[in-house]
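Since the structure comes first, as C-alpha coordinates, the remarks are kept for the end.
For reference, chains read A, B, C, D, E and F in written order, and residue numbers begin at 1 within each chain.
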Amino acid sequence: MPVVTIEWLEGRAPEQKAQLAHALTQAFVKTAGVQPEQVWIVFRDVKRSDWAMGGHLLEHPKPASSV
Amino acid sequence: MPVVTIEWLEGRAPEQKAQLAHALTQAFVKTAGVQPEQVWIVFRDVKRSDWAMGGHLLEHPKPASSV
Amino acid sequence: MPVVTIEWLEGRAPEQKAQLAHALTQAFVKTAGVQPEQVWIVFRDVKRSDWAMGGHLLEHPKPASSV
Amino acid sequence: MPVVTIEWLEGRAPEQKAQLAHALTQAFVKTAGVQPEQVWIVFRDVKRSDWAMGGHLLEHPKPASSV
Amino acid sequence: MPVVTIEWLEGRAPEQKAQLAHALTQAFVKTAGVQPEQVWIVFRDVKRSDWAMGGHLLEHPKPASSV
Amino acid sequence: MPVVTIEWLEGRAPEQKAQLAHALTQAFVKTAGVQPEQVWIVFRDVKRSDWAMGGHLLEHPKPASSV
(Lines give C-alpha, C1' and ligand atoms only; values in the text may rest on other atoms or scores of the structure.)
Protein backbone atom coordinates (compact mmCIF):
# COMPACT_ATOMS: atom_id res chain seq x y z
CA MET A 1 0.00 0.00 0.00
CA PRO A 2 2.81 2.42 0.44
CA VAL A 3 3.55 4.26 -2.78
CA VAL A 4 7.15 5.38 -2.44
CA THR A 5 8.42 8.08 -4.76
CA ILE A 6 12.10 8.91 -5.09
CA GLU A 7 12.89 12.18 -6.78
CA TRP A 8 16.60 12.68 -7.36
CA LEU A 9 19.17 13.63 -9.94
CA GLU A 10 19.47 11.42 -12.98
CA GLY A 11 22.59 9.40 -13.64
CA ARG A 12 22.20 6.40 -11.34
CA ALA A 13 22.95 2.98 -12.77
CA PRO A 14 20.07 0.52 -13.08
CA GLU A 15 21.89 -1.89 -10.75
CA GLN A 16 21.95 0.79 -8.10
CA LYS A 17 18.23 1.38 -8.44
CA ALA A 18 17.64 -2.36 -8.24
CA GLN A 19 19.63 -2.66 -5.02
CA LEU A 20 17.95 0.36 -3.55
CA ALA A 21 14.47 -0.91 -4.47
CA HIS A 22 15.29 -4.13 -2.65
CA ALA A 23 16.71 -2.38 0.42
CA LEU A 24 13.84 0.10 0.71
CA THR A 25 11.28 -2.68 0.42
CA GLN A 26 13.05 -4.67 3.13
CA ALA A 27 12.93 -1.60 5.37
CA PHE A 28 9.15 -1.52 5.02
CA VAL A 29 8.85 -5.24 5.66
CA LYS A 30 11.02 -5.18 8.78
CA THR A 31 9.94 -1.97 10.44
CA ALA A 32 6.34 -1.61 9.29
CA GLY A 33 5.15 -5.17 8.75
CA VAL A 34 4.20 -4.51 5.14
CA GLN A 35 4.11 -7.35 2.60
CA PRO A 36 6.86 -6.86 -0.04
CA GLU A 37 4.45 -7.01 -2.97
CA GLN A 38 2.46 -4.18 -1.42
CA VAL A 39 5.40 -1.78 -1.74
CA TRP A 40 5.32 0.21 -4.97
CA ILE A 41 8.40 2.28 -5.69
CA VAL A 42 8.70 4.86 -8.44
CA PHE A 43 12.02 6.52 -9.34
CA ARG A 44 11.82 9.97 -10.89
CA ASP A 45 15.13 11.01 -12.37
CA VAL A 46 15.47 14.76 -12.63
CA LYS A 47 17.92 16.49 -14.98
CA ARG A 48 20.46 18.81 -13.38
CA SER A 49 19.05 21.57 -15.58
CA ASP A 50 15.62 21.02 -13.96
CA TRP A 51 16.73 21.19 -10.32
CA ALA A 52 17.58 24.43 -8.53
CA MET A 53 19.08 25.06 -5.10
CA GLY A 54 19.97 28.45 -3.68
CA GLY A 55 18.28 30.09 -6.64
CA HIS A 56 20.49 28.45 -9.25
CA LEU A 57 19.90 25.51 -11.56
CA LEU A 58 22.48 22.79 -10.83
CA GLU A 59 23.40 22.92 -14.49
CA HIS A 60 22.80 26.06 -16.46
CA PRO A 61 23.14 25.51 -20.19
CA LYS A 62 24.74 28.50 -21.86
CA PRO A 63 22.32 30.60 -23.90
CA ALA A 64 22.61 30.09 -27.65
CA SER A 65 23.83 33.66 -28.09
CA SER A 66 26.59 33.48 -25.49
CA VAL A 67 29.56 33.05 -27.82
CA MET B 1 -10.13 22.68 -10.27
CA PRO B 2 -9.29 19.03 -9.91
CA VAL B 3 -5.74 18.30 -10.96
CA VAL B 4 -5.71 14.61 -11.85
CA THR B 5 -2.38 12.84 -12.12
CA ILE B 6 -2.04 9.39 -13.63
CA GLU B 7 1.20 7.61 -12.91
CA TRP B 8 1.53 4.36 -14.83
CA LEU B 9 3.84 2.32 -16.99
CA GLU B 10 4.82 3.83 -20.32
CA GLY B 11 3.71 2.23 -23.57
CA ARG B 12 0.14 3.41 -23.96
CA ALA B 13 -0.92 4.69 -27.36
CA PRO B 14 -1.86 8.38 -27.65
CA GLU B 15 -5.36 7.39 -28.78
CA GLN B 16 -5.79 5.45 -25.56
CA LYS B 17 -4.75 8.44 -23.47
CA ALA B 18 -7.13 10.63 -25.47
CA GLN B 19 -10.05 8.28 -24.83
CA LEU B 20 -9.16 7.97 -21.18
CA ALA B 21 -8.83 11.74 -20.76
CA HIS B 22 -12.31 12.10 -22.21
CA ALA B 23 -13.80 9.36 -20.03
CA LEU B 24 -12.18 10.59 -16.83
CA THR B 25 -13.36 14.13 -17.47
CA GLN B 26 -16.90 12.88 -18.10
CA ALA B 27 -16.75 11.05 -14.77
CA PHE B 28 -16.00 14.32 -13.01
CA VAL B 29 -18.75 16.14 -14.87
CA LYS B 30 -21.39 13.52 -14.13
CA THR B 31 -20.62 12.56 -10.56
CA ALA B 32 -19.09 15.76 -9.19
CA GLY B 33 -20.70 18.54 -11.17
CA VAL B 34 -17.37 19.91 -12.35
CA GLN B 35 -17.12 21.90 -15.59
CA PRO B 36 -15.06 19.95 -18.18
CA GLU B 37 -12.59 22.78 -18.76
CA GLN B 38 -11.84 22.81 -15.05
CA VAL B 39 -10.46 19.26 -15.17
CA TRP B 40 -6.70 19.18 -15.71
CA ILE B 41 -5.23 15.75 -16.36
CA VAL B 42 -1.52 14.96 -16.43
CA PHE B 43 -0.18 11.58 -17.56
CA ARG B 44 3.18 10.53 -16.16
CA ASP B 45 4.60 7.58 -18.02
CA VAL B 46 7.06 5.60 -15.95
CA LYS B 47 9.68 3.28 -17.44
CA ARG B 48 9.57 -0.34 -16.32
CA SER B 49 13.13 0.11 -15.09
CA ASP B 50 11.92 2.91 -12.79
CA TRP B 51 9.06 1.02 -11.15
CA ALA B 52 9.54 -1.64 -8.47
CA MET B 53 7.09 -4.02 -6.85
CA GLY B 54 7.95 -6.69 -4.30
CA GLY B 55 11.47 -5.29 -4.11
CA HIS B 56 12.23 -5.80 -7.79
CA LEU B 57 12.31 -3.40 -10.71
CA LEU B 58 9.78 -4.51 -13.32
CA GLU B 59 12.60 -4.49 -15.81
CA HIS B 60 16.14 -4.96 -14.63
CA PRO B 61 18.67 -4.12 -17.33
CA LYS B 62 21.59 -6.51 -17.19
CA PRO B 63 24.74 -5.01 -15.74
CA ALA B 64 27.38 -4.13 -18.32
CA SER B 65 29.67 -6.83 -16.94
CA SER B 66 27.14 -9.66 -17.14
CA VAL B 67 28.30 -11.30 -20.36
CA MET C 1 -0.88 -0.17 -11.83
CA PRO C 2 -2.14 3.30 -12.43
CA VAL C 3 -1.84 5.45 -9.34
CA VAL C 4 -4.43 8.18 -9.79
CA THR C 5 -4.19 11.29 -7.63
CA ILE C 6 -6.98 13.83 -7.42
CA GLU C 7 -6.04 17.15 -5.93
CA TRP C 8 -9.02 19.44 -5.44
CA LEU C 9 -10.76 21.68 -2.95
CA GLU C 10 -12.06 20.08 0.21
CA GLY C 11 -15.75 19.89 0.92
CA ARG C 12 -16.91 16.97 -1.21
CA ALA C 13 -19.22 14.45 0.43
CA PRO C 14 -17.91 10.91 0.93
CA GLU C 15 -20.70 9.57 -1.27
CA GLN C 16 -19.50 11.78 -4.09
CA LYS C 17 -15.96 10.49 -3.75
CA ALA C 18 -17.28 6.93 -3.70
CA GLN C 19 -19.23 7.46 -6.92
CA LEU C 20 -16.30 9.18 -8.55
CA ALA C 21 -13.88 6.42 -7.52
CA HIS C 22 -16.20 3.93 -9.15
CA ALA C 23 -16.63 5.96 -12.34
CA LEU C 24 -12.91 6.70 -12.72
CA THR C 25 -12.04 3.04 -12.24
CA GLN C 26 -14.62 2.03 -14.85
CA ALA C 27 -13.03 4.51 -17.27
CA PHE C 28 -9.69 2.74 -16.86
CA VAL C 29 -11.26 -0.67 -17.27
CA LYS C 30 -13.17 0.26 -20.43
CA THR C 31 -10.68 2.43 -22.26
CA ALA C 32 -7.35 1.03 -21.08
CA GLY C 33 -8.06 -2.61 -20.31
CA VAL C 34 -6.85 -2.30 -16.73
CA GLN C 35 -8.12 -4.67 -14.03
CA PRO C 36 -10.23 -2.74 -11.49
CA GLU C 37 -8.16 -3.89 -8.50
CA GLN C 38 -5.06 -2.48 -10.18
CA VAL C 39 -6.45 1.04 -10.05
CA TRP C 40 -5.34 2.93 -6.93
CA ILE C 41 -7.01 6.28 -6.38
CA VAL C 42 -5.96 8.85 -3.79
CA PHE C 43 -8.01 11.96 -3.04
CA ARG C 44 -6.13 14.94 -1.69
CA ASP C 45 -8.47 17.56 -0.32
CA VAL C 46 -6.93 21.01 -0.28
CA LYS C 47 -8.18 23.84 1.93
CA ARG C 48 -9.28 27.01 0.16
CA SER C 49 -6.68 28.86 2.21
CA ASP C 50 -3.98 26.58 0.68
CA TRP C 51 -4.92 27.08 -2.97
CA ALA C 52 -4.09 30.20 -4.95
CA MET C 53 -5.13 31.31 -8.44
CA GLY C 54 -4.26 34.60 -10.08
CA GLY C 55 -1.96 35.37 -7.17
CA HIS C 56 -4.66 35.17 -4.51
CA LEU C 57 -5.55 32.45 -2.04
CA LEU C 58 -9.13 31.31 -2.66
CA GLU C 59 -9.82 32.09 0.95
CA HIS C 60 -7.74 34.67 2.72
CA PRO C 61 -8.27 34.63 6.47
CA LYS C 62 -8.18 38.17 7.80
CA PRO C 63 -5.02 39.01 9.69
CA ALA C 64 -5.50 39.16 13.45
CA SER C 65 -4.78 42.88 13.43
CA SER C 66 -7.21 43.81 10.69
CA VAL C 67 -10.08 45.10 12.83
CA MET D 1 19.21 15.20 -2.69
CA PRO D 2 16.69 12.43 -2.87
CA VAL D 3 13.26 13.60 -1.83
CA VAL D 4 11.44 10.47 -0.72
CA THR D 5 7.68 10.57 -0.41
CA ILE D 6 5.71 7.82 1.29
CA GLU D 7 2.02 7.83 0.62
CA TRP D 8 0.16 5.26 2.71
CA LEU D 9 -2.82 4.75 4.96
CA GLU D 10 -2.90 6.73 8.19
CA GLY D 11 -2.66 5.00 11.52
CA ARG D 12 1.04 4.29 11.91
CA ALA D 13 2.64 5.08 15.26
CA PRO D 14 5.25 7.85 15.34
CA GLU D 15 7.84 5.33 16.58
CA GLN D 16 7.23 3.25 13.49
CA LYS D 17 7.74 6.23 11.22
CA ALA D 18 10.92 7.10 13.11
CA GLN D 19 12.31 3.59 12.65
CA LEU D 20 11.33 3.55 9.03
CA ALA D 21 12.89 6.96 8.38
CA HIS D 22 16.12 5.65 9.85
CA ALA D 23 16.04 2.40 7.87
CA LEU D 24 15.18 4.09 4.57
CA THR D 25 17.95 6.63 5.03
CA GLN D 26 20.44 3.85 5.78
CA ALA D 27 19.36 2.11 2.57
CA PHE D 28 20.29 5.24 0.59
CA VAL D 29 23.60 5.58 2.40
CA LYS D 30 24.61 1.97 1.86
CA THR D 31 23.41 1.30 -1.65
CA ALA D 32 23.61 4.74 -3.25
CA GLY D 33 26.43 6.49 -1.40
CA VAL D 34 24.19 9.38 -0.35
CA GLN D 35 25.02 11.43 2.76
CA PRO D 36 22.29 10.89 5.42
CA GLU D 37 21.54 14.59 5.80
CA GLN D 38 20.84 14.77 2.07
CA VAL D 39 17.90 12.38 2.39
CA TRP D 40 14.60 14.18 2.88
CA ILE D 41 11.64 11.96 3.69
CA VAL D 42 8.02 13.08 3.76
CA PHE D 43 5.21 10.87 5.06
CA ARG D 44 1.77 11.51 3.66
CA ASP D 45 -0.89 9.74 5.67
CA VAL D 46 -4.04 9.12 3.68
CA LYS D 47 -7.44 8.48 5.26
CA ARG D 48 -9.12 5.20 4.36
CA SER D 49 -12.03 7.27 3.06
CA ASP D 50 -9.64 8.98 0.60
CA TRP D 51 -8.10 5.82 -0.88
CA ALA D 52 -9.87 3.60 -3.40
CA MET D 53 -8.92 0.24 -4.84
CA GLY D 54 -11.01 -1.81 -7.24
CA GLY D 55 -13.41 1.10 -7.57
CA HIS D 56 -14.27 1.26 -3.87
CA LEU D 57 -13.09 3.56 -1.10
CA LEU D 58 -11.39 1.49 1.61
CA GLU D 59 -13.81 3.04 4.05
CA HIS D 60 -17.13 4.31 2.86
CA PRO D 61 -18.89 6.43 5.46
CA LYS D 62 -22.60 5.76 5.40
CA PRO D 63 -24.64 8.56 3.88
CA ALA D 64 -26.47 10.68 6.43
CA SER D 65 -29.80 9.42 5.12
CA SER D 66 -29.01 5.72 5.32
CA VAL D 67 -30.78 4.88 8.57
CA MET E 1 -0.84 26.31 -16.76
CA PRO E 2 1.91 25.89 -14.25
CA VAL E 3 0.78 23.90 -11.25
CA VAL E 4 3.10 24.96 -8.45
CA THR E 5 3.29 22.81 -5.34
CA ILE E 6 4.98 23.97 -2.17
CA GLU E 7 5.74 21.27 0.35
CA TRP E 8 7.09 22.66 3.61
CA LEU E 9 6.72 22.50 7.35
CA GLU E 10 3.41 23.61 8.80
CA GLY E 11 3.16 26.68 10.96
CA ARG E 12 3.14 29.54 8.46
CA ALA E 13 0.60 32.30 8.96
CA PRO E 14 -2.11 32.69 6.30
CA GLU E 15 -0.90 36.23 5.58
CA GLN E 16 2.53 34.84 4.77
CA LYS E 17 1.06 32.32 2.35
CA ALA E 18 -0.98 35.09 0.74
CA GLN E 19 2.08 37.27 0.23
CA LEU E 20 4.07 34.36 -1.08
CA ALA E 21 1.31 33.31 -3.49
CA HIS E 22 1.31 36.84 -4.86
CA ALA E 23 5.10 37.03 -5.17
CA LEU E 24 5.43 33.59 -6.80
CA THR E 25 2.72 34.42 -9.31
CA GLN E 26 4.43 37.70 -10.17
CA ALA E 27 7.66 35.79 -10.76
CA PHE E 28 5.88 33.65 -13.36
CA VAL E 29 4.29 36.66 -14.99
CA LYS E 30 7.55 38.61 -15.25
CA THR E 31 10.03 35.92 -16.17
CA ALA E 32 7.87 33.44 -18.06
CA GLY E 33 5.11 35.53 -19.61
CA VAL E 34 2.37 33.52 -17.95
CA GLN E 35 -1.04 35.07 -17.28
CA PRO E 36 -1.60 35.36 -13.50
CA GLU E 37 -4.88 33.43 -13.57
CA GLN E 38 -3.07 30.52 -15.19
CA VAL E 39 -0.85 30.04 -12.16
CA TRP E 40 -2.25 27.49 -9.70
CA ILE E 41 -0.43 27.22 -6.41
CA VAL E 42 -1.02 24.53 -3.80
CA PHE E 43 0.52 24.67 -0.33
CA ARG E 44 1.08 21.37 1.41
CA ASP E 45 1.87 21.84 5.06
CA VAL E 46 3.78 18.90 6.52
CA LYS E 47 3.93 18.15 10.25
CA ARG E 48 7.37 18.06 11.82
CA SER E 49 6.61 14.48 12.84
CA ASP E 50 6.11 13.58 9.16
CA TRP E 51 9.37 15.03 7.84
CA ALA E 52 12.74 13.36 8.29
CA MET E 53 16.26 14.57 7.52
CA GLY E 54 19.45 12.70 8.26
CA GLY E 55 17.41 9.67 9.25
CA HIS E 56 15.51 11.44 12.01
CA LEU E 57 12.01 12.87 12.14
CA LEU E 58 12.20 16.60 12.87
CA GLU E 59 9.93 15.98 15.80
CA HIS E 60 9.87 12.61 17.39
CA PRO E 61 6.98 12.16 19.80
CA LYS E 62 8.09 10.16 22.80
CA PRO E 63 6.77 6.62 22.82
CA ALA E 64 3.92 6.07 25.26
CA SER E 65 6.08 3.77 27.33
CA SER E 66 9.01 6.13 27.67
CA VAL E 67 8.31 7.51 31.12
CA MET F 1 12.98 23.27 3.45
CA PRO F 2 10.37 24.13 0.90
CA VAL F 3 10.34 21.68 -1.98
CA VAL F 4 8.79 23.58 -4.86
CA THR F 5 7.53 21.63 -7.84
CA ILE F 6 6.56 23.28 -11.10
CA GLU F 7 4.54 21.17 -13.45
CA TRP F 8 4.00 22.85 -16.81
CA LEU F 9 4.18 22.32 -20.55
CA GLU F 10 7.59 21.57 -22.00
CA GLY F 11 9.29 24.00 -24.32
CA ARG F 12 10.73 26.63 -21.99
CA ALA F 13 14.30 27.74 -22.59
CA PRO F 14 16.89 26.92 -19.92
CA GLU F 15 17.56 30.63 -19.43
CA GLN F 16 13.92 31.14 -18.60
CA LYS F 17 14.00 28.37 -16.01
CA ALA F 18 17.17 29.88 -14.55
CA GLN F 19 15.56 33.30 -14.20
CA LEU F 20 12.42 31.81 -12.74
CA ALA F 21 14.36 29.68 -10.25
CA HIS F 22 16.10 32.83 -9.08
CA ALA F 23 12.90 34.86 -8.84
CA LEU F 24 10.96 32.14 -7.02
CA THR F 25 13.77 31.67 -4.53
CA GLN F 26 13.90 35.41 -3.88
CA ALA F 27 10.16 35.37 -3.23
CA PHE F 28 10.69 32.77 -0.49
CA VAL F 29 13.58 34.71 1.00
CA LYS F 30 11.71 38.01 1.10
CA THR F 31 8.24 36.95 2.13
CA ALA F 32 8.92 33.84 4.19
CA GLY F 33 12.37 34.40 5.66
CA VAL F 34 13.74 31.20 4.17
CA GLN F 35 17.48 30.84 3.45
CA PRO F 36 18.06 30.59 -0.33
CA GLU F 37 19.97 27.32 -0.10
CA GLN F 38 16.98 25.78 1.67
CA VAL F 39 14.76 26.27 -1.37
CA TRP F 40 14.71 23.23 -3.66
CA ILE F 41 12.95 23.70 -6.97
CA VAL F 42 12.11 20.93 -9.40
CA PHE F 43 10.77 21.61 -12.89
CA ARG F 44 8.64 18.89 -14.46
CA ASP F 45 8.13 19.48 -18.15
CA VAL F 46 5.01 17.79 -19.46
CA LYS F 47 4.44 16.98 -23.13
CA ARG F 48 1.37 18.49 -24.76
CA SER F 49 0.27 14.95 -25.57
CA ASP F 50 0.31 14.14 -21.81
CA TRP F 51 -1.79 17.08 -20.64
CA ALA F 52 -5.56 17.24 -21.04
CA MET F 53 -8.04 20.07 -20.41
CA GLY F 54 -11.75 19.95 -21.09
CA GLY F 55 -11.46 16.27 -21.86
CA HIS F 56 -8.97 16.71 -24.70
CA LEU F 57 -5.22 16.24 -24.85
CA LEU F 58 -3.56 19.54 -25.81
CA GLU F 59 -1.94 17.71 -28.66
CA HIS F 60 -3.56 14.64 -30.07
CA PRO F 61 -1.32 12.70 -32.42
CA LYS F 62 -3.32 11.29 -35.30
CA PRO F 63 -3.88 7.56 -35.10
CA ALA F 64 -1.73 5.57 -37.48
CA SER F 65 -4.79 4.47 -39.43
CA SER F 66 -6.29 7.91 -39.91
CA VAL F 67 -5.31 8.53 -43.53
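Observations, loosely collected:
What we mean here is this: a residue touches a chain if its C-beta (ideal position, glycine included) is under 8 Å from a C-beta of that chain, and two chains touch if they have at least 3 such contacts.
This structure is a prediction, so every number in the text was calculated from the model and none was measured.
Touching chain B and chain D at once are the following chains: A, C, E, F.
The chain pair with more C-beta contacts between its two chains, of B-E and C-E, is C-E.
Residue contact pairs shared with A-F exceed half only for one pair among E-F, A-B or B-C, and that pair is A-B.
The greatest centre-to-centre distance from chain D, using averaged C-alpha positions, is reached by F. Spacing of chain A relative to chain C, judged by their CA centroids, is 25 angstrom. Taking each chain's centre as the mean of its C-alpha atoms, chain D lies 18 Å from chain E. Of all residues in chain E, those touching 2 or more other chains are 3, 7, 26, 40, 42, 51, listed in ascending order. Chain pairs that touch one another: A-B, A-C, A-D, A-F, B-C, B-E, B-F, C-D, C-E, D-E, D-F, E-F.
For chain C in complex with chain D, the touching residues are 13-15, 17-18, 21-22, 25-26, 36-37, 39-45. Residues 1-9, 12, 16, 19-20, 23-24, 26-28, 30-32 of chain F touch chain E in their complex.
By the touch criterion stated above, chain C contacts chain A in their complex at residues 3, 40, 42.
By the touch rule above, chain B contacts chain A in their complex via residues 7, 46, 49-57, 60-61, 63.
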